[in-house]
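Below is a structure I'd like to ask you about.
For clarity, chains are labelled A, B and C in written order, and residue numbers in each chain start from 1.
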């Protein structure tokens, strides 16, 4: 911005920009103001910005009433663990795609063989149905679905070349959660609704709904494509020669990944983590549907204030501020690094 | 997807059989879990969509043929919610892209306090969707205690507008746009800043006015980031849920995602919900097949 | 020990054949330099030896042991990359120690080796720095240090000096030569700088489009190039090639004369021409002489020569040092 412009113009732009910036920020500011009002002030009309006296009581009440810190703890657990788990899957995957990509589609199966796989799956299902008098057990249905969809699907995913795999991973992010909600809900549900008893394992013994055991892997899967994409774009910028040198020096894959590649890509990994933290923190669909107490994150915490039982504007405001403050601060500090992640690396 | 990715030739890669084998093993865990994540639920949804299955009566299940789809399509909410979905996505994208471009152009100018304005402006993006829905509904758009109502009263109206009651879709649109406008602006601003100063000078030398400068230099430069913004906003906006549920307008202006949720949650009808879920998947795929192709090209180049 | 034998090595990327089939023996302790024009496959050949690329067919053996399928680290070779490929996040000490750590050597032994290597390469005072805080030459030395601590069977260098400025290049060249004498380890060195090749090599391998044109000691290649390609490639300034009458007179399709083997005179000689650009280097003068039908000939005269642009001069080739080539460019002896 070496360009000089007239002070009048600068002043004008300053005024317009500040006005817009303040307008954008105003709802947050207004909420913060309301959070410091007493409940009765919050209701007095007309609304005032400076009410007297200021009070901190709302924050205490929110903590007492809904145990804010437990939700913060839950959110942190989900966000941090899912990020770490995601990195464990994503670092090797991104390494592989950045440094040892496959050029040709490595599908060794012809169209006819695909058909054969699906057809034999169907035949096995038919036989299964026939021998169970058309009343299949859960295990059988699961097995059949595995044969018809999952095995061919995974084989297909496997047979892609690297750019195909990347696009496919991105496309899994486009799968609407509504399409997966029903099975996930039923599988997670403790009350043994469906696909619980597999003979060798009975999922009813495990509580998945409203538990970290369910939420952490779920959150990992939700954001894994983005983590892989991001890391991939960062890894592409690292000269392959250094990894080759490590290989010549006798580094195993593990050492190459975690003693050479990871430290070098640390800034990129950090901003990937930040992005993931923000996405996971703000995730609402699955949080609202699959948690209600033990593993409920802040998204859920705040939604409790939506039921109109009684008037509690000030407390709602306090709770809102408490829910967004941590991530807002993280966001402010990392906004520069975030841009690239927010575009999946497409804009640098 | 056949053929050589371009970067395969351009940059050094490890092409030994050994590296390839290692690479395949390193990729395996991620591909496996993502394949499971994308195929297992989908397969089950397809299965449930053809099943008569209500959670009120979980033992009475059976083959339902296409009746779930039939009833789902006949549901008056379906058409309404489908239209709402499209309106919400399209409206928000238009608002945020146009607004974001303008904002980016503004913030690209030198002025006092740029850093702070930038922070103020992007803040809404970090707000939890549930929070923004509640704040807008109760503190800003509430017919009695809301800020807008106060403004209306100030101008002499006795019956301020009940935004979420009377204009539910529009109100949610405002909330969602408020959240996504910073995103579009931030991305486009970053793109603008990468437009080099020399090009600006050169075009000034060539006698281009501000308008033709925008038309012939800025806009083409922004084409790619705008595509990306549209792609990513579409992914997230198609699935808008929290704002609708927490805003309490699911019954009057829900979208497809909400409809599926309510089939499961309120009607406890797994079969219908699954059929709805499949419709949502098809819709999303139609949209994204188009968009991925568009962006995929950009990303590989 | 460190003798390397390539047998019938072929390399293709997809359908593009880079090395159509090549045999080469490198003796233990030898300093071998690969030269050739850009894109001729020098790096590829080196990477094949290192194990960073797979051969399409053929075998590579080191000390008689077939390593064609062995992983890079298992071949006991060290490589110095053109870009140095130092680990930017590690100190110089850790960079040099890295291969030893990977070999799970104990701390004391690592320290001893690193200190010795650092002393050899004058790096002792930089051990705690990061590569980013070093000059190009120092980085190069770190890369070499990292290579020597492993006591490899052979060193592989891929244009190690091409990122350095001219003065530094001369210094490093000497250091590498010295290192070779000190360690006595086999070295395979890729360069397209023929001065490096001539000064360092025991044996030069001239490559062209993946094919070996000639193998020999620097002076062999200089004195008796096997073909026109080698003749033109080795020697600076380039050998002059003359076709037409002077060649036919000597029963050849083309004859070649090096610039230093042409005598220049103002009044008498075999070929006449006018002086074009003259490059005065002090010790030598390079004259570009326009000799009508013969084309432009380069002449190297010792010391100062007092001719100027446009002067008419006569050139006489040294009869004993004319190289004759047949129509295929192969030398006629």
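In the analysis below, a residue touches a chain if its C-beta (ideal position, glycine included) is under 8 Å from a C-beta of that chain, and two chains touch if they have at least 3 such contacts.
What you see is a predicted model; the values in this text were computed from it and never measured.
Under the stated contact rule, the graph of chain-to-chain touches is complete, every pair of chains being in contact. Annotation: A-C is the more contact-rich of the chain pairs B-C and A-C, by number of C-beta pairs in contact. Once CA atoms are averaged chain by chain and compared with the all-protein CA average, the nearest chain turns out to be A.
Mean C-alpha positions place chain A and chain B at a centre distance of 14 Å.
Inter-chain centre distance (chain B to chain C, centres taken as mean C-alpha positions): 58 Å.
Here the CA centre of chain A is 54 Å from the CA centre of chain C.
Residue numbers of chain B whose C-beta contacts span two or more other chains: 14-15.
Contacts with at least two other chains are made by residues 52, 71 of chain C.
Residues of chain A in contact with two or more other chains: 239, 241, 244, 247. Residues of chain B that touch chain C in their complex: 14-18. Against chain B, in their complex, chain C makes its touches with residues 51-54, 71.
Those residues of chain A whose C-beta lies close enough to touch chain B in the complex are 1-3, 5, 10, 13-14, 16-18, 20-22, 24-25, 27-28, 30-31, 34, 42-43, 45-47, 89-90, 92-93, 95-97, 99-105, 141, 145-146, 148-150, 153-154, 157-158, 160-165, 167, 169-187, 193, 195, 221, 224-225, 228, 236, 239-241, 243-244, 247, 253, 257, 278, 281-282, 284-285, 288-289, 298-300, 302-303, 305-306, 313, 316-317, 320, 323-324, 327-328, 330-332, 335, 338-339, 342-348.
Listing the residues of chain A that touch chain C in their complex gives 239, 241-242, 244-252, 255, 260, 263-264, 266.
The part of chain C that touches chain A in the complex is made up of residues 50, 52, 71-73, 77-79, 81-83, 85-90, 98-99, 102-103, 146, 150.
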